[in-house]
Amino acid sequence: MRRIIMAALAAVSLGGMAHADTIKVGVIGPFSGPFALQGKNFKAGIDAYMAMHGDTVGDDKVEIIYRDVPAPDPAQSKALAQELIIKEGVQYLTGFYFTPDAMAVTPLLTQGNVPMVIMNAATSAIVTKSPFVVRTSFTLWQTSTPIAQVARDKGVDKVMSVVSDYGPGVDAENAFKAAFTAAGGTVVEAIRMPLSTNDFSPIMQRIRDSGAQAVFAFLPSGPTTLGFVKAYNQNGLKEAGIQFFAPGDLTQESDLPALGDTALGILTTFHYSVAHDSPENKAFVEAASRAIGNPAELSFPAVGAFDGMHVIYKMIEATDGEQDAQKAVDAVKGLAWESPRGPVEIDPESRHITENIYLREVAKSDDGTYYNKEIQTFEKQGDPGLAAAN
Amino acid sequence: MAALMNENAIAGKPARVRLAGSDLLGVAIVIAAAIAGYFLFPNNLALLTRIISIALLVLSLDLVTGYCGVATLGHAALYGAGAYAAGMAAVHFGITDPLAMMAVGILAGTAAGLLSGVIVLRAHGLPQLVLSIAIVHLFHEAANKASSWTGGSDGLASIAPDPLLGLFEFDLWSRTAYVFGVVLLLVVLIVLRLVVRSPFGMLCRGIKEDPIRIRAMGASVHGTIMRMYAISGAVAGVGGALNAISTQVVGLDSLSFTLSAEALVMLVLGGTGSLYGALIGTVSFLWFEDIVSAANPFHWLTIVGALLILVVLFAPRGLYGTASAFLERRQEARR
Amino acid sequence: MQTVLSIAVDALAYGMVLFVISIGLSVTMGLMRVVNLAHGAFAMIGGYIASYAARDLGVGYGVAVLIAVFGTILIAIPIERLLYRRIYGAPELTQVLMTIGITFCIIGIANFVFGPTLKTIPLPPELQGSINLGFRAVATHRLFAILCGLVVAGALWYLIEKTAFGVKLRASVDNAAMAAALGVRTQIVYAVSFAIAIGLAAFGGVVGAELLPVEPYYALRYMVTFLVVVSIGGAGSIPGALLACLLLGGIDTTGRYLMPEFGEFFFYLAVIAIVCVFPRGLAGRAK
Amino acid sequence: MTSILEVCNLKKAFGGLAVTNNVSLSLNPGDRVALIGPNGAGKTTFVNLVTGNLRPDSGMVRLGGETITGLNPMRRVRKGLVRSFQVTRLFQDMTPAEHVALAILQRDGRSTQMLGHFSHMPDVTAETGELLSKLGLHDFASSKVSRIAYGQQRLLEIAIALALRPKVLLLDEPAAGVPQSDTGRIEQALAELPADLAVLMIEHDMDLVFRFARRVIVLAAGEIIFDGSPAEVTKDARVREAYLGSYAYVSSVA
């Protein structure tokens, strides 16, 4: 059996060499269903990169193949990845919005000789599952740790943590708790709400009753975030002076028009704001807006995808179009560049991206639109989550 | 198959021979399709394995919905129980032999089936649907909460099954998983054919049509359906364990309402109350979904919706049900 | 005491919002015997139309609500004629398949036309902000939703129990053939009831949008909630639906307040308990 | 001869209205009893009380000397108290042979057997064939029930009941809804019922009652007002009082 596999593998890699003129990149993400917006952002980021840098690397033409996994479904994700590797002959796998979908694919990478560039999935441990995983997004630990310091700086001693009860929410809670406690504050209460929660009034009442000076929250973007922020306002927490801290998922740009005035003043820390002030970002936003059609829909998965494509282009360059996962991954270890989000680097140890985390405040611009205004920078943040897990 | 059945009927052979003949034929067709699948789509075996796994779930659903008339939108609870049990056996207890994992999955599926049955049979019709929905949500939430055991929403990863029978590794091409799945499917199919044709199967069909009549015969409706629920749980457990073994990851989606609803859609699409209907429904739905979602990953849902509407309009008894009813009519006309 | 009052207020508000959105489904399922899983899709269409009218056409809230209700009914008429008419009286599972198909189509179209982002319906200034009840603040909009719920419940009850149309409807439901023989034009009665149910869905979608925001996946996201509410209440019963909404609202709110970590367990265990005690729903009509 | 079915002081009231009021009767093996009464007399309620589908407020039901008041309908059937239905309750997609075989298997406690097909069980097929032939259903043994005539469906109801080898058989209007041309066959079937079986038949068709019954019980307003021979029933003043008007032809028959 093993011999057959080796022979087949050799055949595949030979095939890869023989047809090096078109390099296929498989993208797995949520392109329909409840998370279609995030998938759309993946596509916008990829399109923007290819519009700006062409669809060729050297002599090789890059072709993108999209596959849809509408909601977390590891079995589906794995089947599609297998199909992409074997049938379509992709040299690179990328995308991956959800952690379980990425986790399901990691066992295939070595056998398939394919590197995986994660454009979003944000649980720290994924990069440890295979040496061929590189991530250009963020982890919840990375984005939720700095906000603890911000809260302390604002003179907050007692915080209540409220997160959605699923992997990323738990990560956010743990990260915040660890950092806030280390900075001398107290988390008076930590609540994990079911993901299906629609009505947040009782939670708001509980926050009030807890006597906390501030609330730290994490919810997946979309309807729940809107409901939560509205409840925060309507139940008088804002008036009562209870401050609101969160990682930036909560004020994702695509949700801001819906959130409107209710989000004003919310402080979040995140790796990317569409309003980031740099020439790189201006060029990116212009290209990505064109790609996505409606600029209001543009948000962070697009920059993860944009930088993911950058990494893949560098890999193709380094391997000269040949299929060699090890060489490709080695080539981007320590790779540093100026991303639309600011200066970034692939950490050679963890293969996770080291980036600036910004403190932002939701603000209203002159033309009446809302944006995340960057007001403070935490430079070169790695992923504390990996250390915490060990 | 249809043509052959026709001939038998025209030849006026006794019902007994005709039944056994169509059974063998059905199994032969499944084998032929499995072999064809292997050689025609050697690069899609992972997808085919997934289809087999879901087909087992749909078969399992057919047993309670199609044969006993129980309305459920929570059948994934049984499937997920099998998947998680097999996965946890491997990750936490070192039971990595695929056959042993399969056994664990079957046991867990059966247990989940009995538990679901006890609750679901407390009501009928719409309230029964709601009970089933409540069950699958409770299972889902329990798996989410017990994240140290199940991996929570990140999924239960690092399931590493041993080579099958110590000889065949679960490879990138999913060849082993596919063959394993096909064999399991055939075994399940043959066993279920026996069960649904047995006196017990007749009793179940009777219950579906008229439980009062069955009671008037002195048979226990509740007890009978509970038995069927246990069998159904075992079958769903096989599907779930196959999923855990072939994917090596188990996610919360395997315990979800969505999967339950999809399974029901596939079953109704194929036609309830016949094993082949369940198979045809699963294969056509997933195959169609794969094609349209690859063709247009962004807007395929609309096309799938349109397909479902067309099926209701033109094949109201499901693909298989309508086809066999049509053939029956033609036979009558020729008589 | 304050806590109890506070929970009660939240429960009432949440329950009434659920009621406004779900009651249309209770009408289709209980009176027309159609398992209409596309109910949420029609509520969503209402939300989209209202959002479009209020934001892009700039009309007032009240006008937007009217446009949404009648616009949705207008969209639903051809769907009723072409599709729903084929499934009246069909087996439940067939109805499930058809209405899920319709839902998928509507989701896909909404995603294509309006994009995947959240859409809001701007509230008039009178409904914004919150009112202080002394022991706590409540969003004005919630009070408005409670009011809407009471009005809808009253109007429907009057329509079904006290008007000639209600008599015809109940006759058609109990025995369509007999009603037809007595000169009731059941086709029209069904079409009108369907229109009312759709109108209620759209109205609920708009009024409830503050709590259940409008986005393409709305149609499936809340389907289970609607189904649970309707069947706990007993399909077709307005007092039953009202009672179920208040009860479920109360259970959900209490659970979320007292033990948010296990809110889901609490809710679904309660649902199982209620169904076991009232297997036909709180006020279910015998089948 | 000891009675096989004994009903003592059975009472059932719905919301204060006594629908079955202190009813007592007993049946001996071989009895052919017709239970008649005007509409609303409480016949259906009485049958439901005897079969266990309703619980009596008080009173007792004994079968073969054993008290069965607390047993559910299923257990009563297993003890030999079998009923047929006024409106046929058959499985539309199954054949008469399957119906009868299922009843036989159920009677023998083999209905939950999960392997084998009844057509491979010689004893079952033999008995099924015999029963169906006896009732003249042999030619339709393998047609779906939905395709056979209503009269034949009624006969099948009787066949199913007989397959359960009852000690007491409650026949609920066995000829209801059957066209005149087919009633002969049903009457023949009734005439051929096993001699030691106790039969209680509810019937409106007085012709049938007089031909079939050797004893008639009249129920009116929940009470037994007459229990005696067919010859006497129409002479009884209370019966005439209860019946006349709604069943004018009773006197003409007499």
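Per-chain numbering from 1; labels A, B, C and D assigned in written order.
One rule holds in what follows: contacts are C-beta pairs under 8 Å (C-beta built on N, C-alpha and C of every residue); 3 or more make two chains touch, one makes a residue touch a chain.
For clarity, every value in this text was computed on a predicted model and none was experimentally measured.
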item	value
Any chain in contact with chain B as well as chain C	A
Centrality ranking, top chain (CA atoms only)	B
Centroid spacing, where centroids are CA-atom means, of chain C and chain D in whole angstrom	48
Rounded Å distance between chain A and chain B, as computed from the means of their C-alpha atoms	36
Cα-centroid distance, chain A relative to chain D, in whole angstrom	73
Residues of chain C touching at least two other chains	108, 111, 264
Residue numbers of chain A (touch at least two other chains)	32-33, 36, 40, 165, 194
Every chain pair meeting the contact rule	A-B, A-C, B-C, B-D
Residues on chain A engaged by chain C in the complex (per definition of touch)	32-34, 36-37, 40, 165, 191-194, 196-199, 201-203, 205-206, 209, 222-223, 226-227, 230, 234-236, 239, 254-255, 257-258, 260, 293-294, 296-297
Chain B-touching residues of chain A, taken from the complex the two chains share	1-2, 5, 8, 31-33, 36, 39-40, 66-68, 70-76, 78-80, 82-83, 85-87, 99-100, 103-104, 106-108, 111-112, 123, 125, 129, 165-168, 170, 194
Chain B residues touching chain D - in the complex, by the definition given at the top	15-16, 19, 194-195, 197-203, 205-206, 209-210, 212-213, 215-220, 223-224, 227
Contact footprint of chain A on chain C as seen in their complex	3, 6-7, 10, 13-14, 108, 111, 115-120, 129-130, 132, 136-139, 141-142, 210-213, 215-218, 220-222, 225, 252-254, 256-257, 260-261, 263-264
Complex interface listing, chain B residues touching chain C	65, 71, 119, 122-127, 129-131, 133-135, 137-138, 141-142, 145, 257, 261, 264-265, 268-269, 272, 299-309, 311-313, 316
